[in-house]
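In what follows, subunit A forms one complex with subunit B and a second complex with subunit C.
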Partner chain A sequence: MTSSAEAAGFWILAPIAVIAALGLLFARKAVHAALGVALVMVILGIFYIMQNADFLGVVQVFVYTGAVMMLFLFVLMLVGVDSSDSVVETIKGQRWASLLLVVGLAGLLFFTIGATVVDEKTVQAGIDKVVATNADPGNITGVAELIFGQYVWIFEVTSALLITAALGAMVLAHRERLTPRITQAEWAAKRVRDNRDVAGLPAPGVYARHNAVDTPALLPDGTPSSKSVSRVLVARDQVATTDSLRDVERHMEREIEEGGAK
Partner chain B sequence: MTAAVLPALSNLSTLPAAFQASEVNYVAVMPLFIVFVTALIGVLVEAFMPRERRHRVQVSVAVGGLLAAAVSIFWASSNLGLTMGLSDGSTNRSLFALAIDGPALFLQGAILLMGILGVLTMAERFGGVGPDAFTPSGASTPGSPVETAATRAGALTSEVFPLTVFAIFGMMLFPTTNDLIGMFVALEVLSLPLYILTGLARRRRLLSQEASLKYFLLGAFSSAFFLFGTALLYGYAGSVYFGDLSSAISTAPLAMNGLLLPGAFLVFVGLLFKVGAVPFHAWTPDVYQGAPTPVTGFMAACTKAAAFGAILRLAYVGLDTARWEWSNALVIVALLTMVVGSVLSVTQTDMKRLLAYSSIAHAGFILVGVLAFDRTGVGAVLFYIVAYGFSTIAAFAIVSLVRQNGAEATHLSQWAGLGKAHPVAASAFAFLMLAFAGIPLTSGFVSKFAVFSAAVGSGATGTVLAVVGVLCSAITVFVYARVIVLMFFSEAPAEKVEVVTPSAMTTFSIAIGTLTTLALGVVPASLLDLADRASQFVR
Partner chain C sequence: MSLALTAYGMVGGLPALAPTENPTADFSDTPLWLALVKAVGVFVYLLISTLLVIWFERRVIGRMQQRPGPNRNGPFGLLQTLADGMKAMLKEDITPAKAEKVIYTLAPMITATMAFVAFAIIPLGGTVWMFGHQTPLQVTDVPVAVLLVLAVASVGVYGIILAGWSSGSTYPLLGGLRSTAQVISYEIAMGLSLVAIFLYSGSMSTSAIVSAQSSLWYILPAFFSFAVYLITMVGETNRLPFDLAEGEGELTGGFHTEYSSMRFAMFFLGEYVNMFTVSALATTLFLGGWQAPPFISAINDNMFGGGWWGLLWFTAKLWLFMFIFVWLRGSLPRVRYDQFMRFGWKFLIPITLAWVVAVAFIRGAQLGFLGDSKLTFAGRELSVATVVIVSIVAVIALAAAWIWDDRRAQRAAAEDEAPPEEIDPFEDGYPVPPLPGQRLVEPRPRLAAEPVLSTASSSSAGGSGASTTLKEETHG
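Now for the complex of A and B:
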């Protein structure tokens, strides 16, 4: 039977997990959705531990909240935290039709699965078996015996999946170097030969309050130098404006003028 | 310390033995092993072989390995039975991951032979450095200078060959697995390389990449359905093995059916997605059109074989005792698949999309055979898979040869008058069209006759299915006849469309595909007999 502690834990944590899972669906920002998933994964890990599957619970937290979620967040950072889904419907009425089907399927699954009556004795026998296995060969040893005994073939076949994934990542993302790499000496020689930026590109601006790479240096006439910031930042429109710097400058000029007038 | 350990030790005798290793019949699983090792060798070749020799070596490794595996099936066929697992002495259950039986070995052999033809068409170079159908640099942006530089520098994507062999490994495993978890892993092993291969076309790359993404996303959804169903069925039976599932259905209380029915349906959704059955077919036309044409042919033939093998095993071994609960849903799916596939193929203007809808219709016809629920049905399905597979690989290989300005001419209007300029290719294609339509003296007629007669023999529902099947065949006859008329009795378009002269490898696979279509139409007895003898599942 379910102990009262387990029941209390379940009824506290399960609603939180459901809310977090709904948050995944309805969150406007991708980061919030990812955090919702992380919460669901942690709570699932706690459930596993409550069900005497210690190893599975810890692995759940490690692998999903640790590795998989971090991967999600990396991708989010690459795509851009601010980017949100387009909500324009390409097929008219798709949203209502899919909502209808989703509610229908959810209701159908909810009522059929919910109507299931599970035999108490079978469940108790299963729990007893888990407790006995945890006590004698131990939780981890028990899992190992299953993986390397009964399920060894599936375990080995999974390696084909991993190799395919690695190979596919190489094919789709790795760009083979087709031309020899240009050395620094060759770059320098090329600069002198072309007589352009012989001394190298100007460094970003260094000011009293800003010295980041997105702050352009100012030319003698006060206009920002486009050469001093990376063209990637320019393309992404992430270059800081220099107006505020000019404001400080103007303020100082005014003070000097006022001082001179006195 | 010692005192605390001692009581635990005394308990040991009452618990099961500490560790039981899997029993493996290595001869029975030899074909699978050989294909897996071939794929691994392919990966190593990719890593260490200089670029100039890579293509030749990769093709030889892949074809050699697949041939060796096909030969080893003869030895495996004398070692039928369950393997790769253990017998649980205390409960008298057999927990085996693989079922080496007639349908499994028949489909393994079919997938290997069709896979060899697929690899040979993929290897077509037309005098270039790398395979002609695949982009030289999958990582470059379509149309970018990097792509042009890669072409000029002689880059090639020879990774497609190990990927294909991995896909073949998964396909061979799919109808062989005897449990739901293994089936899920096999589903992923066969799908993942296909997702990648779909996105690597040399021409119209954006279309290809879109197809790949679409296939991947929808495939991931269908895998999730399969997994959800697996979880429910595990909750129902307490085991993932088909044998346990089948016996649990006959013994479990009725109150548990709330887990059985959704579980069975969701697992079927995952499998029906792979064969492109309506309403899970939406990916088929887009993916067939976007994928490199040799990959489309390979995918159409071999994925269908593997997925129908898995459906057969699930329907006949795992969920057979609950047949009355789910067969009506499958009947509706089969009806929809036949009708939608054949009606929509009428409106197509692109050759690859037309063949895609035709493959949907064929999936419906094969489902009719599955729903016969007896040994003749299994034999008919096995025969149909082979007949359709060989024809479709040849058909797509011919599509890849028809070019206009170097690009594949897939629009129907471009095929007008092809029969006058290129009678051999057009006649072969016309013959394959007749086979798809199910005209006598082609394999298509024999296979349709086999599945429909099996369906009629199974009862009233089967008769209805067979009648609808015959009507839908009549609709598709119109589609194929229109293509033939277009090729032989229409004026050629103003801009010249040519049929490129292929290398010996593509010629070989087109010839074998077409000749098999003819041979199975004229003398089908030997293969029908083999399929019939191979139609017994082991439990």
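Now for the complex of A and C:
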């Protein structure tokens, strides 16, 4: 039925795939969950190749791991990795409805897979057919004949559905600009006109021992300048204190004064 | 292999016989241990090539910038890379406190290993005798070999994005995202440009594509694909002028800012092996792979074509592309990120799609799907459908080029308006310097409206009160 190499590959890779899939459910960080899914997809691709479906396996890795999962990672990294999901129900009864659907899907899968005939003769006939197709017209030609022959209508309808979804997402996310875009030159002119921060906002603090965007610059009287750090960092409460720097400064001043008194 | 044959194949007199899509390389006499030996051989080949190419790059760029380049360690400075590599290994290996330790270590490994994996399907030569077995000079081949390269490259991108994320710092994250967006965008255009090759050869297996090029290299019939591939391979490998992920001025070092020692060296190695992989793919798909170049292949019934000679031709073609990489780095400045993305998505991808449709029609005509009528021209039989399709494509391309050129000329004319001849240096209350060729209109000082000194000569402009104009000297 299956060759020993295939069986060995399965028993090595399948547990890894299951662990990675469980990682999706139990990983604390969203990126780790996404990586678990990527690993599952790569292993699925290897399984396809082991079952003589070369094209399907490579495309599985290429499209799902390379493109789809990567987009997920992009969104996770850009939107914010630490954002936790809100548990408030936005639609009433959503939780019960989704539970019902999950049970329904699980039942459907259970009975469909359970009803599949797994006798050796049928499986062997299928494998023989795939091997014969791979040898004569070739794997890719075989897939192409199915996609553009027998199942052309289904594939066209699915692609129309996907394009509609993409267009819908674009329409929903599109925002019409109500006011003309302010250019850099216009910002500069506005600063001069308002006579506020004419030379631009002050840069963050640069000290002999430290410099970072979260460290405010010190004003001449020693107080930190709130304008010198990004308002995003202020809102996140991530602005570093300058106390230690000021302490160092005072210490040095004292040393200088003591030196002068000697 | 004469030029006449080349022209013959290009217009489409090739017999309407669809070649098999399965690999032509025969691995039946290759035991497993020999495959492992070949894999180790490819690994060593790539490592030595990487050591050489870093030296080569520094020397060639040195020549381009009129300086010698590294020339101290070993003959011609050949051992410089080895010395640098040893130094990198002995450096302190730093892991930032906020880094995700496991992924931070995993990322460079993914990048480096994936770079090597793709080379397994590249045919470095024809069939050779090796330890008493007759075997192709290629680790393996599958019917979907070229797709496999793209798939492996897309997994290799995970190394970059995970390195950026796991460093736990802003610059690497931004650099990683940039670089990943870049690689994915350019992989689309790259994949589309390769479709023309699949259509011409009827296969995605590298050995079948190489043997399909025995009479004609695909650089000629798929010249446009070659141009697109050449651009996208630079974008795909994050090399200058497309090395935006490492834009020093904006992102310090990009995704590998926090890396040091061996883990940094792995990224470095991965980058160079990636360059070899895309170059090897270009050699295989467009320049006939390991086959001897024209004229040389005509010597004594292709005496220098078979066996181990293939490795020589393959390496020579590979290094041609490496030279192009270095040449580009030596001559072009970095492009701006938004321009780069616009170029990829709004120009390369649509135009490559149009090209693939055109090639599909040309190929269909060649294979006789659009009618069988032939016409004889200059003693050669051509299919009418092919001639008609090629002419239509040529006319459309010419018309598009003409319209584009016309628009560009109009834009240039609109931008080229001459500045006004006279300029008030205190317009709007700010001092404005004149452009070359512009005259300054001296402002009339309010208090000096009347002549104060009757003896003042006309040269003392400040006191004269008359509005004198100064002619700015035009330099150059």
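The definition used in the following text is that the second predicted complex is superposed on the first by the 190 of 262 C-alpha atoms of A that agree within 3 Å, B and C clash if a C-alpha of one lies under 4 Å from a C-alpha of the other, contacts with A are read in each partner's own complex, and residues count from 1 in each chain.
The rule we apply is simple: a residue touches a chain if its C-beta (ideal position, glycine included) is under 8 Å from a C-beta of that chain, and two chains touch if they have at least 3 such contacts.
In this text, all values refer to a predicted model and were calculated from it rather than measured experimentally.
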Exercise for review: For A:Val61, decide between first (touching subunit B), second (touching subunit C), both and neither.
Suggested key: second
Review point. Now for A:Ile154: first (subunit B), second (subunit C), both, or neither, which partner does it touch?
Key: first
**Study point:** Which of subunit B and subunit C A:Leu109 touches, first, second, both or neither
**Key:** first
Check your understanding: Should A:Val31 be classified as contacting the first partner (subunit B), the second (subunit C), both, or neither?
Key -> second
Practice item. Considering only touches as defined above, state whether A:Met70 meets subunit B (first), subunit C (second), both or neither. Key: second
Check your understanding: So, does A:Ala135 touch the first partner subunit B, the second partner subunit C, both, or neither?
Key -> both
Revision key, fill the gap. Partner touching more residues of subunit A, subunit B vs subunit C, is chain B
Revision key, fill the gap. Where subunit B and subunit C land on the same part of subunit A: residues 135, 137
**Study point:** subunit C residues touching subunit A - in the complex, by the definition given at the top
**Key:** 20-22, 103, 142-144, 147-148, 150-151, 153-155, 157-158, 161-162, 164-165, 173, 177, 180-181, 184, 187, 203-204
Revision key, fill the gap. Subunit A partner, complex, touching residues on subunit B are 8, 11-12, 15, 18-22, 36, 39-40, 43, 46, 84-86, 95, 97-98, 137-140, 146, 149-150, 153, 155, 157, 159, 162-163, 166, 169-170, 173, 181-182, 185-186, 188-189, 192-193, 195-196, 199-200, 232, 238, 253, 255-259, 261-262
Review point. What residues on subunit A touch subunit B, complex-wise?
Key: 108-109, 112-119, 122, 126, 132, 135-137, 145, 148-154, 157-158, 160-161, 163-165, 167-168, 170-176, 178-179
Study note, to complete from the structure: Listed in rising order, subunit A residues that touch subunit C in their complex are 31, 35, 38, 42, 45, 54-55, 58-59, 61-62, 65-67, 70, 73-74, 77-78, 81, 134-135, 137-141
